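Chain naming follows the written order as A, B and C, and within any one chain the residues start at number 1.
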Amino acid sequence: MDLFNLPRRDWITFGLFALVVVTMPIWLTPLGASYPGLLQKFAIFAIFAIGFNILFGLTGYLSFGHAAFLGVGSYTAVWSFKLLTMDALPAIMFAVIVSGLFALVIGYLSLRRTGIYFSILTLAFAQMCYNLAYSVLTPITNGETSLQLTLQDPRVIDSALAARPEGLPSASIFGHVFDGFEGFYFCAALLLIAFFIALKIFSSPFGMMLRAIKSNQTRMNYTGFDTKPYALTAFVISGMYAGLAGALLAVTDPLAGAERMQWTASGEVVLMTILGGVGTLIGPVIGAWLIKYFENIFSAFNEQVLTRFFSFLPPEITEPVVTISSKFVGEGWHLTLGLIFVLVVVFLPGGIMEGVRRIGALFRRTTPPSAPAARPAAPTIQPAE
Amino acid sequence: MLNVIIGRLAPSRGAVVFDGKVLTGKKPHQINQMGVVRVFQTPEIFPELSVLQNVMAPAFAKRDGAFRINIWRSLESERGIEEEANHILQDVGLYERRSHHAGALSRGDKRRMELAMCLIQHPRLLLLDEPTAGMSRHDTNTTIELLKKIKARGMTKVIIEHDMHVVFSLADKISVLAGGRIIAEGLPRRVRRSEKVQEAYLGGAHRLEEATH
Amino acid sequence: MDAILAQLLNGLDKGGAYALIALGLTLVFGTLGVVNFAHGALFMLGAFCAVTFRQLITLETVTVDPTQLSAWGAPLEIRTPLAQTWFGDFGAVLVEYSVPFSILFAIPVMLVIGIAMERGIIKHFYKRPHAEQILVTFGLAIVLQEIVKAVFGPNPISQPMPTALRGAADIGVWIGLAPGAVSYPLWRLVYFLFSAGIIAAVFAFLRFTTFGMVVRAGMADRETVGLLGINIGRRFTIMFGLAAVVAGLAGVMYTPLVPPNYHMGMDFLVLSFVVVVVGGMGSLPGAVAAGFLLGILQSFASMNEIKQLIPGIDQIIIYLTAVVILLVRPRGLLGRRGMMES
């Protein structure tokens, strides 16, 4: 079947990735990150970054307004909860469709320009969405208080099927409310689907066309390709990924605020992607996990935790070490993040995946090289002289 | 002039007509889809892709048209196109290096690869802009042999060239341009004898254009 | 008429700030080819130069006069700024006009910071992809922010403007309108004139000095200038220092208008990027024109009459203008072909 037509290499990648994702609650326990709230964020922002990378990594178009689609997805999902049903699937479906339509309009206009002009156009559209969500669109977005569920929500479908429960309901799937790690596994399942689609795109002729656009757009045109619809398709797909991520944010916590659309949120996904490795499949996921880990874990460290952590040191050293390292955690986690950006980009151009590749190459050097370059070319047309 | 044909520049007056259809005002990808394909003087390739992918991409344009979302099948399972690309890469002598990054090729190899990229589309009209400019004698001869081989397959080519050795070893019909006007036209034998050509040829700025069948 | 004039004036000082930041950003873009996300942080550092300067000169000596008692019955403490003890009356003037005087302090400091940044990090990123430039300068901006936060704390520190410039100028009277028709805070007038002066100075520097000529040539065609055997590296360093100084001065003079905090740079960064791109990549006049244009448009859009007409327009006017200009003019107002287009 064509749907599952993938080279062996990609199936191995997918299998390993699935294994890593499914066992996250286990291997993140020693790192102190194995609680559902954070794991869900890991899965959701991985989806966001994978989608962003389909646009930026493959076509080279750097969008600075992708958070807008995330926000639109969240709002759509919450509205689906409010008006129709607490079931997660319709909410996700609507969110993906609506953010896809948004991406179609914004992409159509923005893709008329290239390079930094494109980036600023996307930024401008996203900032307009953000500012309007806070001001004129408050009937839809509920402004600064964020869009939330209320007891007065109609929830047409749920009301028709069953008696209204007491209090505010939670998101569910076929009537089953998420509990404990179930929410994470739901997000993880969608992450795997999203990753699989990304794999398909990366290994398909369509993916090669997108890479070719990044490589030399002029050549693409003279080769007989209409590059606009290619880039637009990539834009819409990555907008839908963002919408999916936004919907999942709303599923795990039925609340949508405009700050999700701010440029800092767009910038964050750009940084995740570059940090992990632009154009690689796994890189953006690693970048997303790393940034979210720092945001949630490092910021929660305090001196007590550090003192415990460094308790193996002699007591006279412990105190200065704790004092110094406390500047980098808690309130200061941004400092660590900034330093990581600088260090990664100085020492590992190409992101973390470049580092992984280099380590892999080190190991491979022990086996004899099988470089095809070493062999002399044997052209079928011999020189005439 | 080639820039006008392929739609990069607009003509100041007049129109480009190919096979009864007006090319003027059409977009570059539309002109390509009509079977008019060009090799650039400075190689226009996809440096980040492999040599094989560089040659496969145009084949998709020929098969699938200007736009098609083709994500169901993987690149590896497009056997037909890959085989055709391999075949043409053997013709131009780049088969051994098909998995290399195209950006890492030498300039002469890049031009041969670009030629392969055009040939895989089986163009009805192939435009070549100084295909041997800046090449060593050895590479020039390799290229001439290659072009002769293509000629045998019967495809119309327009070559812009001022290396007389190349022109006279390939051309069936030559047009000599000087100062934007055609000063001589016809079979190689007659053009060689033309006084005007001798004059322009010795005088400096000149270009020869030829068409082979 | 009065209202329009008033809004025009209101837009000028903000436009001046945009133009100054965008000018530095364009200089770095155009000459060095670097997307500098740390430029907003330079603006912020300039503002904190003013804060530091004021803190330095208002260091106090405390002497206790046991013969006098304060209202609470404790011995009276007499606090004298060190500057006053050392310099007498001039010290008092120094404290009063601390913000303008910080310019003298900020120029060398910003120059050193700028040169250190260029030599230390930026230099290695000239040939690297823009994505990596963004990541490294963004990381740098965060580090600078956090350092400032660690030193000065997270809260805004307001800077008093000199008493003499605290009032408003009745500009309407100057041009023959009724008194009180158009009044304009004096400091904003000062800010506008200051930014205009700096912009003029930068343009004159580029226009009339050999150094400026080489830089302009470098902006037009970097490779050729490099081939001419001109040491372009040294000039790049100086250009980066200059851009840092311009951003810093914009920050110094802005402190009385908005109390500086550690993240003020980020707030300005995005807007100044929009300004630069709307002006057109690589065009200095474009950046300045776009800065004032967007500043003025923003002030008009916040008029009540216009807000009633188009609700929410004040929130989006800058971005809307940017979208319209970029869709109508492919390379902004005055941008050049091929600059940052891929």
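Definition applied: contacts are C-beta pairs under 8 Å (C-beta built on N, C-alpha and C of every residue); 3 or more make two chains touch, one makes a residue touch a chain.
Note that the structure is predicted; figures quoted are calculated from it, not measured.
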Shortest chain-hopping distance from subunit B out to subunit C: 2
Chain of greatest Cα-centre distance to subunit A: B
Closest chain to the centre of mass proxy, which here is the mean CA position: A
Centre-to-centre distance between subunit C and subunit B (centres being mean Cα positions), rounded to whole Å: 54
Separation of subunit A from subunit C, taking each centre as the mean of its C-alpha atoms, in whole Å: 34
Distance from subunit B to subunit A - Cα centre to Cα centre, in angstrom: 43
List of subunit B residues in touch with subunit A within their complex: 6, 27-29, 32-33, 37-38, 40, 44-49, 53, 56-58, 60-62, 64, 66-78, 90-97, 99-100, 117, 121, 137-138, 141-142, 144-146, 149
Residues of subunit A defined as touching subunit C within the complex: 56, 60, 62, 109, 112-117, 119-121, 123-125, 127-128, 131-132, 134-137, 217, 263-264, 267, 270-271, 274-275, 278, 327, 331-332, 334-335, 337-342, 344-346, 349
Residues of subunit A defined as touching subunit B within the complex: 2-3, 5-7, 10, 200-201, 203-209, 211-212, 214-216, 218-227, 229-230, 233, 372-373, 375-381, 383-385
Contact footprint of subunit A on subunit C as seen in their complex: 35, 121, 124, 128, 130-132, 134-136, 138-143, 145-147, 149-150, 266, 270, 273-274, 277-278, 281, 311-312, 315-316, 319-320, 322-323, 326-327, 330-332, 340-342
